[in-house]
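Before anything else, here is the set of structures, which you'll find just below.
Two complexes follow with subunit A in common, the first pairing it with subunit B and the second with subunit C.
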Partner chain A sequence: MSAETLQVLADVGKGKSTRGVLRVIILALIAGASIASRLFSVIRFESIIHEFDPWFNFRATKYLVANGFYNFWDWFDDRTWHPLGRVTGGTLYPGLMVTSGAIWHALRALTIPVDIRNVCVLLAPAFSGLTAVAAYLLTNEMTTYNSAGLLAALFMGIAPGYISRSVAGSYDNEAIAIFLLVFTFYLWIKALKQGSMLWGALCALFYGYMVASWGGYAFITCLLPLHAFVLILMGRYSTRLYVSYTTWYALGTLASMQIPFVGFLPVKTSEHMPALGIFGFLQLLAFLDYVRSAIPSRQFQTFLWLFAGGIFVMSLAALVVATSAGVIAPWSGRFYSLWDTGYAKIHIPIIASVSEHQPTAWPAFFFDLNLLIFVFPVGVYLCFQELADEHVFIIVYAVFGSYFAGVMVRLMLTLTPVVCVAGAIAISTILNNYLVAKTPTEEDQQAAEAAEKKGSKSGLKSATKPVVGIYGLWSKSLMVAGMAVYLLIFVMHCTWVTSNAYSSPSVVLASRMPDGSQHIIDDYREAYQWLRQNTKEDAKIMSWWDYGYQIGGMADRPTLVDNNTWNNTHIATVGKAMSSREEVSYPIMRQHEVDYVLVVFGGLLGYSGDDINKFLWMVRIAEGIWPDEVSERAFFTPRGEYRVDGEATETMKNSLMYKMSYYNFNNLFPPGQAVDRMRQARLPEVGPSLSTLEEAFTSENWIIRIYKVKDLDNVGRDHISATAFEKGLKKKKTTKKRGPRVLRVD
Partner chain B sequence: MRWLPAFLTASLAFASGSLAAKKTSEERFNSFHAKSIASSSAAPIKLSDASYREFTAQPRDYTAAVVLTAMDSRFNCQLCREFQPEWDLLARSWVKGDKSGSSRVLFGTLDFADGREIFMSLGLQTAPVLLLFPPTVGPHAVPNPEPLRYDFSNGPQIAEVVHSWIARHLPDRPHPPVKRPINWMRWISTTILALGSLTASYVAWPYIVPIIQSRNIWAALTLISILLFTSGHMYNHIRKVPYVASDGKGGISYFASGFQSQYGLETQIVAALYGLLSLAGISLAIKVPRISDSKTQGVAVLAWGGIFFVTYAFLLSVFRGKNPGYPFRLPPFV
Partner chain C sequence: MAPKRNNANRGASPNPKTATTTSATVPLPPNPPPSAPIPGSRPSSSHSAAHPKTSASAPVSQTWDKVVSNLTSHYQKSTPQRTKLLDAFMAFLVLVGVLQFVYCVVAGNYPFNAFLSGFGATVGQFVLTASLRIQTTEANKNDFPAVSPERAFADYVVCSLILHFFCVNFIN
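And now, the complex of A and B:
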């Protein structure tokens, strides 16, 4: 009975069509698993847009759905960057909004009434399912084992490195961009392998979609020419390469230039030059190749190759000259800082200030990829075994991807696909060797020994001998059991990481009560709702740029600066207002028609992401523009400490940010016992006083504090003397009240 | 008796300083300026206690820029030694570009060894300090005679940055730019090296080709660079983390506490662990199935499988040290 069942089970996988069906089922299950694992935040909290940038994308999508595509394209937004405004339609990557808009319209056409918010929230998980399928396709181009593709799909589906940017609610460009990245690579490999214009054109099409979706498209723009260049250097120039590359480049560049935000950048800036250069070089090589086939002289051939090399060097020199002469724009700051890692810290503090742009410490790699991070080199090594054109791609991608991921935390996202592919190749090779029932016979052994004497011509030293197989059942079962344990740990690790680290909306915070029950801290939405209900429709809110998108999205009020960070001077102006004395800040706020100022304060709750912790960046950015008026040094005590307690420097205590954060804070505590729980600092007994602002709103846990900017004084005094006068008056009143109390009798 | 000459010179300098203090601002500027253009290495002027007082005396109709530094190796002031050549370069190119003294700036350096008293009177705890004394009289006079202090908190500064800072505080005056001398030695040595390596590669071409075309070498290079990058080497490079740190009990702490920090040695340990795991993986995937002898193969499977398991377990325990809430572990290190 049992033997029969086993036989039946074993036979199930043998037929070709059954295998196909099984593969489809498994892929569908993997896609389902990758969607399901991204739903923690929806289940725990609610269907809500997360973090900062997604709020802008959500707002833009709502605008697109409400006003139609052409209005969206021409959208000038006067409710951000007050008073400058922003040409939003021309300065965004529209791919994400258009995708969800199209899905929404399609669902409506199918008479499924669904809120645009839910489309936006669930877009990233849906696309992660597609990414898993794309990873399956890409891996299958690399190896003959289908199991490798399925493993890669599984890894791609649940690797935390990708989940970190694609949980439900994380409605960001990366949500669809990673799918497009992997799928473009798949199409490129397909085009290269077949030398087919059709696949090359498809590759260009998806490349165009990628350009429309994410600034990270430059990664493709640089990686494909690099791959082509390495192939040329290896002496692997072929007509296949020529056809696929030129098709991709010509059509892809045209497609990318259709996006207003990209426009003529592909022919003007340095990061696009490798692609253009390789395009030209390939034309030259094709010509030489043709000439060579016509004239079969050996010396002439050497001459031709030297000629090609000479032209390459000369055009490189021309590029350098054109860049220094200013014809071609040099590398933009964000890209340049990837190479010269010290550049951003000195010259562009706004790039250095973003936490995503920090370098990656090793725990982050292990946290995001677990066992894949050390199986990944095994897969890359396996690629050297065969070293076909597509394997060179994996190798090039692996080296550059890991370099970029090491320099910037955020680029872990571009490394993850190659890690999943290479890791899947490695693990499936191991499993394929150890998970077969067949034991090598004497004949196999002898054949192997015979072949060994002949010596094969494989390039890798470790792979010179032919494969024999694994003998002992116990060694097979040991290895298979081991791999099963590792893979189980991987799955549990991914679930744990997703659940603990990447599923918090950061708009809503969760904490535990003493009895273990969950307590939701909802200060952000409380405060934004207050703004929405209690302020004028066009009240200008000043806050640090981190909260600009949220204010625009949730409170629907104009802001001075937001996360777009396109105008450094404007951000520095806000930084200066925050870090200067009231007398300096007030004119700035008046000039910018600021009505309310919003600060985030974590001192009561011990919330680390507050403005006092970000304050030094405001100072630094302001100092970059006004070095004489704002000085970072003045915020440090003579002993070089950044303090907020009684020993804080005068500049610190008088800065608007400090005053707004700690205003009235000591009234919460018994006299002299006010403690900032975030920084563990005991605050001075007398809190700061404000004269040009008045407290308008403070949220339940004091995370958000909103101040109203006072209007000019009615009798023309400056605000400080007015406040002093009022204070004096109040004191008199209190002394008057101290008289004997009289019961009032009517 | 080593203090005697020092004392003598100091007292002499003091005497001359007290004499000089009676000079007018114009005379002082002229004498210092004449001194600084006398020879190419005279700027910035090397000051002592007394001449510093004269240099910065009020009233003055010129700007005085002084670096207070501690070059003596006893003080071990890395920043001073790094900044000094830049400061010399700045002063020299400024003086050279403005021989007539129309910008009315004087550059000086006061070493701690020569100006102990000044350091004490200013209450300086750190070096270097760059002070810019604005003029108190004359056409460029500013209301606040207090010297401006340059901020060295961002580490060693290059001459151009300091130049722009000084220039910013001297509006409507000429600002001779910093001119870096052409490093002839470097150019010559680079050219020779380039030509030499070209020749060498031409001669050795038949021997180099197999190396360039060797898959093993490229594979090794690729794997090493991947391991370097994924073990956080770039973080060390950018953040300049310490190699190891003390654990406060006289021992060495190999692993930094906290998820976002690491030490140099720590990343090397992690890279070694990753390397060992990858090596085991490569052996199991490629080498072991090619062993034709069944017993050797069994031993190899056991050995590499064991190494893989134990190293992974150790890696998990190391990671748990970095991230205390991490729940997963494997047997030998529970």
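And now, the complex of A and C:
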């Protein structure tokens, strides 16, 4: 009886149009949910741009809106990388800025006056809604169950692996790139299935948009040829593959070359060669295919395939020769670090120093994907069962995505879509098997048995399909309830992760007061505001490169280095200035016309992302350029410890960074009680003294400290003696100097 | 010292060989696809293909003769007039492409933008025309249930427009 009521309930949603409407409503709700779950940061904090890179994107967008497209395209920025400047228009991916600029203009045309900042803050959540829809479309190409598409959309909307880069305010390239990635894949599958030039061209256009938006476009450039190659190896070459692939490649490559930053790369670097190789190989195959259709001779066919294989091997050899001869640039450093995870640390410390380039720790997979990481292999297995062209794509993507996500934390982002799709296929298959309300009648069973008898006579046993299924209401409801609980836990986990881990702007820090109320620590903006109001407009600020974009964006002052990191030597210069003695640093700072030096110090508050913790990277990068003058070993105690207390090495104590961080710090405490709360170290009683810099500003919680570089002394003394004179220490100084001399003589 | 030098020699000696073979085959890849329609260029491709299998040269050359004659007769018999028109266009594109490539090799690639967009235009147009040819061939109809010949031509026009827009924009 209960089965009948279920049947009635199911019949309500049977009509085709009702289902269509329901689907649209559900999709809209999913898009709404994915937008809403990304707004934690705006509600908890405020509508603000997050972190580091987004500040540059924001600044560039403001420039675009203020000066128009052509000025933006030719933008030479003399306020960064002083004194070099940066050809910003030619060295960025303009997709993001142009998108938000276009949205801003569209809204203005609709007479909705919106601040460009709010467009930028809310761009990522808006595009996440579109990503959910794209995941729905992609999954629908894989299976006949519509529920799989809807589940995939839901997973894509709230999976933390994607939310981590797309909360409101995280205005980064990935914000729109993941949507473009998924949508390009959808168009590719569509083009491949239909063998249509139009879909291939659309795929190429969105590929071009993707190239304009994110450096990760190389993932598509490598994945699509790989898919084609695997299909060819499986003997699945078809004219549809030829049409879709060649259309995509011919148009997509030209589209990608329109971006000045990409330029000639598609014909000159190894990353793009697989796509070109498969393109050529397909031409050959198409020709052979034509000949084969013209002359059916078995011997001739094998001969031809040998010929094709020979050509393939020879062109590979040609590629190797061309690479070694230098016609084609070899793989770039970032790509090497994908194969050999230790490569970057040895050869390119600047890449290894970025935390998001580190290998992934295994809990991160569970943290970012939760339930999905368990059902992901099931979904891939189900793809093996059907194994049409599009399922091969999911399998190839799954293998490569998993590998890359294991190598680099940041590439979890490219794995998430395929995990969502495969997971949705698995879960919808389970639900579809258990949610069937129908039980087979006697007649059905008899018919099936008859069919089985027939089948066993004629064909293979595995080809017949006996009536097997789960018909007990108990087992059904138990299983469905179990799945529902899992899905609910998934939603709760996602919400929890989003609100706790991924919604902090990191420009504004939150802490809890003893009574549980929230306390906002706003040192960054306090300091940048101070710079904006109290320094000359062209005062050059030296800081470690992490803060370059923020200084440019919030304080609007020229910086020496920033997060673009295009010039390793310049960064190493800053690293050298920070890690050397004052006498060495001062000429460097004078040469670069530095007016202020900014350091981040977490010792008072216990803030872990400060400069002392990053200091070893500065040393390493500087050592890479000046191995004679900077040595990493000298910063460790003889026992190999990195210490900041009284036991610290002389090199450490005399380095500019150490002095700037702890200058005057012990005045906050009773004598001899100064403690660095971050590193739990008791500091020496006498703090460091500075002679070439003077303290200009220290923020409320001492997170940011700004020092002014002193001008040359009026009387022509060096700064050390001048400071000593002012302190009235001249006599002591001389005796001090005499002391060691006497010792040496003895 | 001596064995090392020997090794180096051994390592070096295959290199020139591969270089010469590849340099011989580099102009080839553009060749085979075009020769689909044109009987004239067939001998050249057959010659190159016979190269790897030198052991069974006598029967192979015989079969190759047969193959070539079969192919030409098959082509002339079973290809509709419109498709032949497309083939002629493709042959022309291949000719232009080869000319461009030869010019680039001989006279240098100085305005690289211009060369790339010109070469891209010919290659892209060739590929699109080949796609159109495939889609309009009767024998391939089962492969393209969603694409009628009219739709194929409309797609072709749209794709060509996109292609030439990009080329013109890139030419500088």
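Assorted remarks:
Here is the rule we use: the second predicted complex is superposed on the first by the 689 of 746 C-alpha atoms of A that agree within 3 Å, B and C clash if a C-alpha of one lies under 4 Å from a C-alpha of the other, contacts with A are read in each partner's own complex, and residues count from 1 in each chain.
Assume a contact is a pair of C-beta atoms (placed from the backbone, for glycine too) under 8 Å apart; a residue touches a chain by one contact, two chains touch by 3 or more.
None of these values were measured; they are calculated from a predicted model.
After superposition on subunit A, the partners subunit B and subunit C are accommodated together without colliding.
When the two complexes are overlaid on their common chain A, residue A:Asn534 makes contact with neither subunit B nor subunit C. After overlaying the two complexes on the shared chain, residue contacts for A:Ser689 are found with neither subunit B nor subunit C. In the superposed pair of complexes, A:Gln258 makes contact with subunit C only, with no contact to subunit B. Within the superposed three-chain model, A:Ser196 lies in touch with subunit C and out of touch with subunit B [touch as defined at top]. Residue contacts after overlaying the shared chain place A:Pro377 against subunit B, while subunit C stays out of touching range. Applying the stated contact rule after C-alpha superposition, one finds that A:Ala317 touches subunit C and leaves subunit B untouched. Once the two complexes are overlaid on the shared chain, A:Thr91 sits clear of subunit B and of subunit C alike.
With both complexes placed on chain A, subunit A has more residues touched by B than by the other of subunit B and subunit C.
In the superposed model, A:Phe287 makes contact with subunit C only, not with subunit B.
Superposed on chain A, the gap between subunit B and subunit C at their nearest CA atoms measures out to 5 angstrom in whole units. Shared interface residues of subunit A, touching subunit B in one complex and subunit C in the other, do not exist. Taken together, the subunit B residues at the contact with subunit A in this complex read 125, 151, 153-154, 165, 168, 214-216, 218-219, 222-223, 225-227, 229-235, 237-239, 259-262, 266-267, 270, 273-274, 277-278, 281-282, 284-292, 294, 297-298, 301-302, 305, 308-309, 312, 315, 319, 322-323, 325, 327-328, 330.
Subunit A meets subunit C in the complex at residues 194-198, 200-201, 204-205, 238-240, 242-243, 246-247, 249-251, 253-255, 257-258, 264, 267, 280, 283-284, 286-287, 290-291, 293-295, 299-300, 303, 306-307, 310-311, 314-315, 317-318, 321.
Looking at the complex, you find that subunit A touches subunit B at residues 341-342, 346, 359-367, 371, 373-378, 380-382, 384-385, 387, 395, 398-399, 402-403, 405-407, 426, 429-430, 433, 445, 448-449, 452, 459-463, 465-472, 474-475, 478-479, 482, 485-486, 489, 492-493, 496, 500, 627-628, 631-633, 636, 638, 640.
Subunit C makes touch with subunit A in their complex at residues 15, 18-19, 21-22, 25-26, 28-29, 32-33, 35-36, 49, 52-53, 60, 63, 67, 70-71, 74-75, 112, 116-117, 120, 123-124, 127-128, 130-132, 134-135, 139-140, 143-144, 146-147, 151-152, 154-156, 158-159, 162-163, 166-167, 169-170.
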